[in-house]
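After this come two complexes, each holding chain A, first together with chain B and then together with chain C.
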Partner chain A sequence: MVANINEIQSAAAALLNEGKVKLVLGYRVRGNDRVPAFVTQADQVGCLAYDSACTQNLAAYLRKGEVRSRMPLAVVARPEVMRSLMLLTAESQIAEGQVTVLAVDEQGFHGVLDLAGTAKLLNEQYARIAPDSSLMEQLAKIEAMTPQERSAFWSEQFEPCTRCYACRAACPGCFCERCIVEMNTPQWISTAAESHGNFAWHMIRAFHQAGRCVECGACQDACPQGIPLMLLNHFIAREVEREFDARSGYDPQAEPVIGSWKQDDKQEYIR
Partner chain B sequence: MKTLEATKLADLAAALTAAGYRVIAPCQRGDQVHLECYQAGKTLRADVIPVNSAKDALFPRSEVIGRYRFEGNEFETVPVAPQAGKTVLLAVRPCDAAALAPLDAVFNWDYKDEFYNAHRDATTVVALACTAADDQCFCTSVGGSPDSTANADAVLRPADGGKRFILESLTDKGQAIAAAGQAVLTEGQAQADPPAQVAPAFDSAAVTAWAKDGFDSPLWKELSLACMGCGACAYTCPTCHCFDIQDEATRREGVRLRNWDACGFGLFTKHAGGHNPRHDQASRWRQRVMHKFAYFPERFEMLACTGCGRCGRLCGNGMSIREVCSQIEQAAQAGVK
Partner chain C sequence: MTQATTQTETKAEGFEPRIVAFVCNWCTYAGADLAGTSRLQYAPHVRIVKLPCTGRIDPLFILKAYEGGADAVLVSGCHPGDCHYTSGNYHARRRWTIFRRLLSLAGVEEGRLFFSWVSAAEGQKFADLINDVTAQVKAAGPFKHNPARRQAW
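This part shows the complex of A and B:
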């Protein structure tokens, strides 16, 4: 547990007592697990906990009606979750005043922030979040493969996918009311949980995350079948940074990379 | 008695494959263990409960149940017969074997499902008695036991401190497995290891009793708050059997597919006109619990949960049947309606 956990608890209690929020979304300990906590009364804040095992991205709850109806609310947010909140602001899903941030990282609690303050903290303190080194090693191995080997690798990875869409449900960025995989007039993606449909689903989801994924890892953690989705996500994030000099979740006013164009874009076809 | 050296489980799988069976067994996949089709070279793991259930073999995640062609205004349907090959579920846990009872019941209730039954008839179940359980296991709370032989055609019992298995055949199908695997089995004596101790987690009768009058309980909202509405628990559940019918067509031909579906999805009950009778996650969780602990006992005199614990192992938000039913039992004891 972080050393100053009591500061998170008292900050949460103050927000609830002052009526600034109706709900504090955080974490609590249950056995060996860390599970989400939904605190609505100041006398319940004692359950709030935070340590490096608190990996769920609580920003995903902001799409849920039962949670949205309790805005304004506060979220216990590590840097990746703060980035999700910036993305949701940029994409008009939340606005200043609706969400207060209780900023945390593995060292501890870093204060109560509004969304503008969160953007400032992210850019000052967490501008570079180094990706996991084993992920980079795996990605380098895949990039060294021939296209045929790569195709075989991904076919093998996608084979156990049952299309439960837990990856989508765990992702704060997947807030579409109707996902493209559920469109059937016309049907863009086969719903069959076999190679063709699974490939199409995971590729389309990766493309829709381009410039949006904050690399929190929630989708991969949620996947019951162990599909290494972060390989795709990190690859796309790196390409977006290389091609468009953009990193998601740092600018609450950012224009979406996949939804905007500029006169000076270097690609010829845009002009 | 017939015994099998613990190191020879893959040899048994290979022998059964050679005898023409599709062998579904606990295979190493990355750092997980999956119940999947055995192929030469795969490592079998009898020591870990697989992440997925065995139901995919009987009720596939996607199955073509019809085909059609059209040309202008001409339309014709093409009957599809079930593609059910001889299959053995090798070393599946008693909780997976137990799940066949609710599946058999529901797929033969008002309609005899020819696809499910074709797979079922072609399937032999070789259960693996559990000598260890983890903190999510709760078979004993839902009428099961770690060494139950319910629905099994044969059972492998770990013996001599895990060095070997005793293979007991219980039916003709089980005898056929012993015969097909003869080359890797030994005739000898062995001492079966004691079954796992699975501490009771909750009283399912109390949950069923509370649920009878619990439809309108405000408790569902609180119980379901952490659920993100993904279908992972239902898709890995050995008894969940909801499905969706999808027609997928190109210009001149199409297939009718049966895909897994889940009552936890908002879209599951959404009407074409936009109305959704289960408009929030609370009503969807109520359905999940009611289906397993109220409607199923009422209709089939059995629970639709076998205590495998997969929902608890996989849900990062702690939304498991074990947890929710424990909370319901506590509420019932406290007199909460």
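This part shows the complex of A and C:
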């Protein structure tokens, strides 16, 4: 357990007592698991916990009506979750005054911040969150393969997918009320237990994260089949940064990468 | 996993590729029309799907074409600056830039996805483009390792 848990608890209690928030979204311990805690009373803050096993991205709850109806609220947020909050602000899903941040990282608690303060902290302290080096190595290996090998690699990875969409549910960015996978006239993503639906889903899921994924890892953690979704996410984030010099979740006023354009965007592949 | 025995594969000898072209109504389709009215001869392997604008071409369309067994997909629209809706092609270009890279990572080989700008006045460019794309796909052969392909069962 990270030190300063008392500080998180007392900050949460103060926010609730002063009526600044109606709900604190945090983590609590249940056996070996870390599960979300929804604290509405100052005398319940004792259940709040935080350590490195708290990997779920609580920003995903901000699309739920039950949670939205309890705004203003506070969220216990590590840097990736703060980036999710910036993304949600940029995409008009939340606004200043609705969400207060209880900033944490592996060093401990960093105070109570509004969204503007969170943006400042992110850009000052966490401007470069280095991606997992094993992820980059794996990606380099895949990129060195022939197309046939890549095709075989991914069909093996996607094969166990049951399309439960836990990856979608875990992602704060997947807030569409009507998702493409639920559309059936025409049915874009086949629901049959066959590989083409898996391929289409994973391609579209990854593509819809372009310029949006904050690489929190919640989707991969949520996947019951252990599909390496972060490989795709990291690839997309890397390509977006290379092509458009954009990194998601740092600017609450950022224009969407896919959905904006520049006249001189590269087009060497278009004849 | 049983690989589909497709028509194209059984005919690999005299392989006639299936190419799906997603084109915009205002430029490339009009360019294709001009090629036709100018009596330009070009390869008959392309099935044209006309859409209002390249901005309307969702990456899902491309996946769907591969899923149905296309050997290659061509996407074409107005030159930058010429979009009938001012910026549809700029929006589309951003999407393509990322999506083609993603497909490449997923195992869609080089030479299975083509992009171009063809204006309404470029009938000759359209005919040349189709001939060139068709020749390339013919040389590459059937898209056997298509990861998006619907499997036969």
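Quick note on the criterion: the second predicted complex is superposed on the first by the 264 of 271 C-alpha atoms of A that agree within 3 Å, B and C clash if a C-alpha of one lies under 4 Å from a C-alpha of the other, contacts with A are read in each partner's own complex, and residues count from 1 in each chain.
Following the convention adopted for this analysis, a contact is a pair of C-beta atoms (placed from the backbone, for glycine too) under 8 Å apart; a residue touches a chain by one contact, two chains touch by 3 or more.
Predicted model only: the values in this text are computed from it and were never measured.
By the document's definition of touching, neither partner reaches A:251: not chain B, not chain C. Judged by the touch definition given at the top, the superposed model places A:241 against neither chain B nor chain C.
When the two complexes are overlaid on their common chain A, residue A:33 makes contact with chain B while staying clear of chain C. By the touch criterion stated above, A:261 is placed in contact with chain C alone, chain B being left untouched. In the superposition on chain A, A:91 makes contact with neither chain B nor chain C.
Looking at the shared chain after the overlay, A:142 reaches chain C, while chain B stays out of its contact range.
In the superposition on chain A, contact is made by A:204 with chain C only, not with chain B.
Of the two partner chains, chain C is the only one that A:152 touches; chain B does not reach it. Contacts of A:194 after superposition on the shared chain: both chain B and chain C are touched.
According to the touch criterion, the shared surface of chain A, contacted by chain B in one complex and chain C in the other, consists of residues 190, 194.
Per the touch definition, chain C reaches chain A in the complex via residues 1, 59-60, 63-64, 67, 80-81, 87, 90-91, 93-110, 114-117, 129, 145-151, 153.
Residues of chain A touching chain B in their complex: 30-33, 35-36, 38, 55-56, 60-61, 64-67, 160, 162-166, 168-170, 182, 184, 187, 190-194, 197, 218, 221-226, 228. Interface residues of chain B, counted against chain A in their complex, comprise 29-32, 34, 36, 51-52, 56, 61-62, 135, 221, 225-226, 228-232, 234-236, 244, 246, 248, 257, 259-260, 262, 265, 267, 280-282, 310, 314, 316-318, 323.
If you check the complex, the residues on chain A that touch chain C are 142-143, 147-155, 180, 188, 190, 194-196, 199-200, 203-204, 206-207, 210, 232, 235-236, 239-240, 243-244, 257-263, 265-267, 269-271.
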